[in-house]
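First chain A sits with chain B, and in the next complex the same chain sits with chain C.
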Partner chain A sequence: MIRRILIGTFFLLMLSGCWDNKDINHRALPIAMGISFHQGEYKVYLDIPKVSVNNEGIDVVTANGDSISAAVNKISVNMESQVDLLHLKVIVVDEPFAKLGLEEITSNIIRSRHVSPKTMFVISDEPLDRFFTRINNETDGDGKEIYDFFQKDAGWNPEIAHTPVWKVFRSIHSYTNDVVVPIVKSGESTTIESMGSAILKNGRMVSRLNNEQTLFYNVFDGKSLEGKIEIMGHSTVQIVSSSIKNNGRFENNKPVLDSVLKLNVTILDTSGQTSIKDFQTKLKKLLDHEMDQIFQKMKRANADIFGIGQHFRNELPRTELAQWRSKYLPDARINLDIKTTVRNTGNLKLND
Partner chain B sequence: MYKNLQVSTTYVLSHLGLIFFVYPIDVIESTSQAHWLPVLFGFAFHLLVVTIYLKGLRYFKGQNIVEILMERNKFVAWCILFPALLYMAWLAVLSVRGFAEVVSIAILSNTPLWVLNLLLLVIPGFITSQGMIGGILRLSVLLGVLFVVPVVFVIATSFQNADWHYLFPLWPDSGAMTFLLKPHFNMSLFAYSGAFLMFGFLPSFAKFKPKAVYWGSLVLLPAYLISVYVPVLTLGEQTARQLQFPYLFVVDTVEINWLMFERINVFLLLSLIAFFMFYISLLIWQILCVIQLGIKDISSNYLVPIIILPILIGCLCIPDWRTAGQLLQWSMRFQLFVVIVIPGYLLTIGWLHAKKSKAESKNL
Partner chain C sequence: MTVMDEVTDHFSAYPDFVNQKLQIAAETLTVTGLKSLINFPQTIYMFRDPLLTSAMNGLELIDVFTSLGQPISVDRNTIITEILDGMLVAVHEASGLVVSIYPVPQPNSRAISLPTMENSIGGANSAFNESLDNNIMMLRSHLNSADLQVKTYEFGNQVKNRVSLCFLDKTIDPMLLQNLKHKLESDPTTEITNMLELSHRLGFTKFTWVTHYMAFELPQNTARALKNGKAVLFIDRLPFSIVLPSLFSDLFMSEDDLNHPPIYSWLMRSLRFLGVMLTLILPGLYVALVSVNPDVLRFELAHSIARSRLDVPYPAVIEALLLLCVLELILEAIIRLPSSIGPTITMVGGIVLGQAVVDAKLVSNLLIIILATTTIANAAVVGYQNTYVLRLFKYLLLFLAAILGVLGIMSGLLIICAYIAGNRTLGIPYLQLIRPKGE
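Let's turn to the complex of A and B:
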């Protein structure tokens, strides 16, 4: 019995998992990382919250390096604590870098396992130097805005694209999936200002959508919760729920996607005399028009952000699917049918 | 007394520990479409071998494989048992080394590898020497109860980002069976053949009905399918192909706002580590069985460390992940040989034995 207890105690002591462990107060846990690329050299910015009783804000540290991990390592060497990217939530890159292509850093992030694949990619509309100085202005906020801005349970809105790194990684290797990532800049009255989103094709920025178009993209993608649509000069509605059904087919050898979009909305405000019918036709017209515009943009960029090709997996053999973007997407067409239900009109009545 | 439940949990857990790591990528690499084909093929192969094995064992009521073989020609017995012994030790070396690397990549990146290897051997050794097979069987029920909730939870949530369009095309076009010739398909059989030899060792310690095993296999089939299909549905075949452990990666992409834990991967990994240790303790017990019944009845207190030591040295001799994969690929033929020959031989002598005893009873 005593021997068993001894062996048990030995295991308890030796296998506690505290091997080479660094305590949390000796770790720096950045919440955002900025990466820019100039003449073969990366510049890395790390946003590290100061850990103290009275939330003193944030430290921005920077370093240059031939690779991102080299730059991060340089920061780690020069800091008194060890940089740990485990809780990184946002990676900000500047526009020139995004246009050059994010394939390499995406695959490096996926490879390293230090950064979670749920981290978001964000493109900055201004030089990163300016962006990081301005968002960490000590007079407003606690410096964690960039973190909260993209959190679904905090500051995220349906006008903002939401694309984790693993989706970017998937789009790089996929035949039929491209992604949109949010574009932001430092704001005037708020810390961050959303500037719409960028279309990434194979990890390279090829075009951009504005805020409203991003909302419609999200609606089409099924992420529209509580999005507000403004019908110019007419009224504003809030989307309560939406569902979409797609069916792909070939017509004269050209791919056609039949989509039925069901929207459940409530009315927020109206101007002038209007009726529910009137309002439904206006909303339909607006959505048709906007979707058409996004679609044209997408075709010009040759990037399948809606994953239209996914609906043709059964029709096309793999070898053909591999040429989806170049051979079939330019001829693709969407038949969008929108069915709106006005669930309620708020406290005021509205005529049929 | 029948121990059907314990035997089926033992069967399920020891396989679960092997499924979620290299198996998915082997299947994905073996074909580019209709992945259910290699999965079902492997599973059918597994069921066939298990059926033959159990059938053979039933001819000898209550005897285990070592006793059965030793009763007959000793030379032939050792011709069968020695490769089996090598096979089990080899399995232990490869899987412990592989798993240590997984743990190192996934959670304990700072811990030296030899500690992880040691950890994955000492605890199973301790389980074996303390409980022997009775303890191991009971432990399987306990582990099942403890870990079934987190494992099922993680598996259910891993479907979060599934895009069901990736399921298509369901039917492969021409050349669908080429996966049979791919070395990766051979390697995927590892997840089917790693643990089932234990049935041969059980009969003299625990009675069970073959039904218990078949019920267990019904639990395993969805696990095999899920481990391959969740990565394919979430990432698509082209992307899943790039990854080392596709299933673990997909679990890492799951986002649950209301859960206070950031990475639910940890739940899955810790459960799988428990299952894996359980599997290793089973392997050690099988090796122990062969030595005690076949060579000399040495006390297990001495024998367990003697078994662990060469396995540990073997683990330390494998320098990297690629070598481990290559060794597995090379030895797959040998492994399949052992896996096919043992049940086949058992069935043959069982059949002869039954015929002989029938003739004897007629003569009387």
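Let's turn to the complex of A and C:
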């Protein structure tokens, strides 16, 4: 018995590699990574909060390398602690790189497992050098703004797309699913400014949406959120809850998606006298118009950001499904039926 | 030389031996006994009174005399044993008849008082004490049942001691009773005066980690155990009852719970379960999260832990061991300390040392919080014997966590589960529910 325990302990100690464990204060925990690509070489920026007694901001360290891991390794070699990408929350790439394609780095990230698949993908609207210098040059703030900006329990807003790496990876390998990722740049009065979102098709940026379109995208995508919609020159409403039901069918060999979007809204402010009926029609008109624009954009880019193809997967064989984006999506029609309920007991009360 | 002379000779060196002649009418009686065990003035009064009035009632003195106690054989060893047991031995000179009388004893234990190790919030508060008869009296008053059986065994050759076995005839598990009786009756010559000797006698291995018995100071806990089909042993001069077997549920359930509304008693039991899990897991979890799997933490927490460990020189496991060692020392020292200075030492140990050790950057702030929680949670479990096993098992988890991280904690819990599942006390599995379920 004792011999068995001894042998067990021996193997436990020898096979676990426990002597390589590094304590948390000897690890550098970057919260954001910037990646740009110039002439076959990656440049990696790491945003590492300083571990010090009085919590004094953030270090931005950079390195070049033939691959991302080579660059990260170069940083790790030169730093006093080991770089540990486990807590990475945001990966920022610049627009040229996004247009070139993110397939390779996405699959590297997913397969290497050094980075959590829940990490957010973000596109910077300006060169990364400028972006990282400016977001970390604020005199106030602790340098973790970029982390909080995309946290759902902190600075995230319904106008910002929310796409983790695994969704990007899924979209690259899926015939019927594309994603939008947020576009940001360093702001004037705030640290970060949202510039809408980019449509990624197979990991390549093909088009972009503005902030408001991103909100509608989020609503249509079935995210439960409390976004505010401005009806031009008229009033502002807040979405209290939304739900969507989709049903796909073929009509003359062309895909048709019947969607019923139910919106519960309250009115935040209005100008002049309006009735609820009037209000509903205006909101519906606005939503129809905006959605139509997004659909047009989507069709032009041949990118299925709403995952419309998902509703036709049971009607198309796999060989046909492979051509979903090129053959079927441009012909797709969406019958959007918007049903709004105006909660007339909120902040403002309207006359009937 | 008569037998009584031999007995007197044997006790001649005893300063507390009394050998007194009593003259009642024409008859001479001799009473002997140890005055350290017998309250002589009262006993003699009690003894003499019926003899003096016998003539008046027209009874033969010799008949009254024999009815006062138990006639015993006129044998040196028997008489010596009776005297050492604290009996009054009276001899009728004329007939040579020897009678052993139950005397008024000298008080040999403290009065029934509050428990020292257990606390009861809603229930009775008088605890067992050192006197075995007293304890059985208390048990009987808590469990007034014709079913309650008490069997007393004598153990030891040189030093004699009594052990009483109590059980409820109809509810006790027959296998348990049979095992227990067999073990107790196998060899009456070995001494049983402490728990180790009893454990040895009952065949428990020396390397057991989980306790096989519960020791209760409060009679209501013992009565509940009896009703649940367990057996109870009393050892003379040990101020608690020994309940066999101890089950997993005894970690969480106490008789006192039944004096509170059911919701609260269930909440308290879940709290105790939480306490057990916390005391087992927390130190290991700290080590695992700090040195092996920091990715599990939220970033904010990871960052603040990293900051609190800034200048700490040791790896997390050494850090935790250092402080755990101090805590164990405090726990051990507190038992030896008189209650008057105990709180002072705790304060010095706990607050001053804790603060100083953080200021000196030997350990991180968070670890102090974790270890304080662990120690407090450890005390939430029912029964002092059960805290030992938790104190020990947390080190297993600590080391496994240092090696394998969160996975190590998981496998450690598995090892613990396997170990306690493999435990049996006198044929009763440790994980059995309160009452055995049918096959």
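In this section, the second predicted complex is superposed on the first by the 327 of 352 C-alpha atoms of A that agree within 3 Å, B and C clash if a C-alpha of one lies under 4 Å from a C-alpha of the other, contacts with A are read in each partner's own complex, and residues count from 1 in each chain.
We adopt the following convention: a contact is a pair of C-beta atoms (placed from the backbone, for glycine too) under 8 Å apart; a residue touches a chain by one contact, two chains touch by 3 or more.
This one's a predicted model, so the numbers in the text were calculated from it and none came from an experiment.
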Ask   = After lining up the shared chain so the two structures overlap, which partner does A:P117 touch, if you call chain B first and chain C second: first, second, both or neither?
value = first
Query = Touching A:Q39, do we find chain B (first), chain C (second), both, or neither?
reply = neither
Remark   = The chain contacting more residues of chain A, comparing chain B with chain C, is B
Message = Touch test for A:F11: chain B only (first), chain C only (second), both, or neither?
response = first
Ask   = Which partner does A:R170 contact after superposing on A: first (chain B), second (chain C), both, neither?
value = first
Query = Between chain B (first) and chain C (second), which, if any, makes contact with A:N253: first, second, both or neither?
reply = neither
Ask   = In the superposed arrangement, does A:N21 touch chain B (first), chain C (second), both or neither?
value = both
Task = Tell me which partner A:S326 touches in the superposition: chain B (first), chain C (second), both or neither.
result = neither
Query = chain A residues touched by both chain B and chain C?
reply = 21, 87, 116
Query = In their shared complex, at which residues does chain A touch chain B?
reply = 4, 7, 11, 15, 17, 19-21, 87, 107, 110, 113, 116-118, 152-153, 164, 166, 169-170, 172-175, 177, 307, 310-311, 313-314, 317-318
Query = Given the complex with chain C, which residues does chain A contribute to the contact?
reply = 12-13, 16, 18, 21-25, 27, 29, 31, 49, 51-53, 55, 84, 86-87, 89, 116, 147
Partner chain A, residues of chain C touching it in the complex = 289-292, 294-295, 299, 302-303, 305-307, 309-310, 312, 315-316, 402-405
Note = Given the complex, residues on chain B that touch chain A span 32-33, 105-106, 108-112, 115, 119, 122-123, 126, 130, 163, 165-166, 168-170, 173, 235-236, 238-239, 241-243, 249, 252-253, 255, 257, 262-263
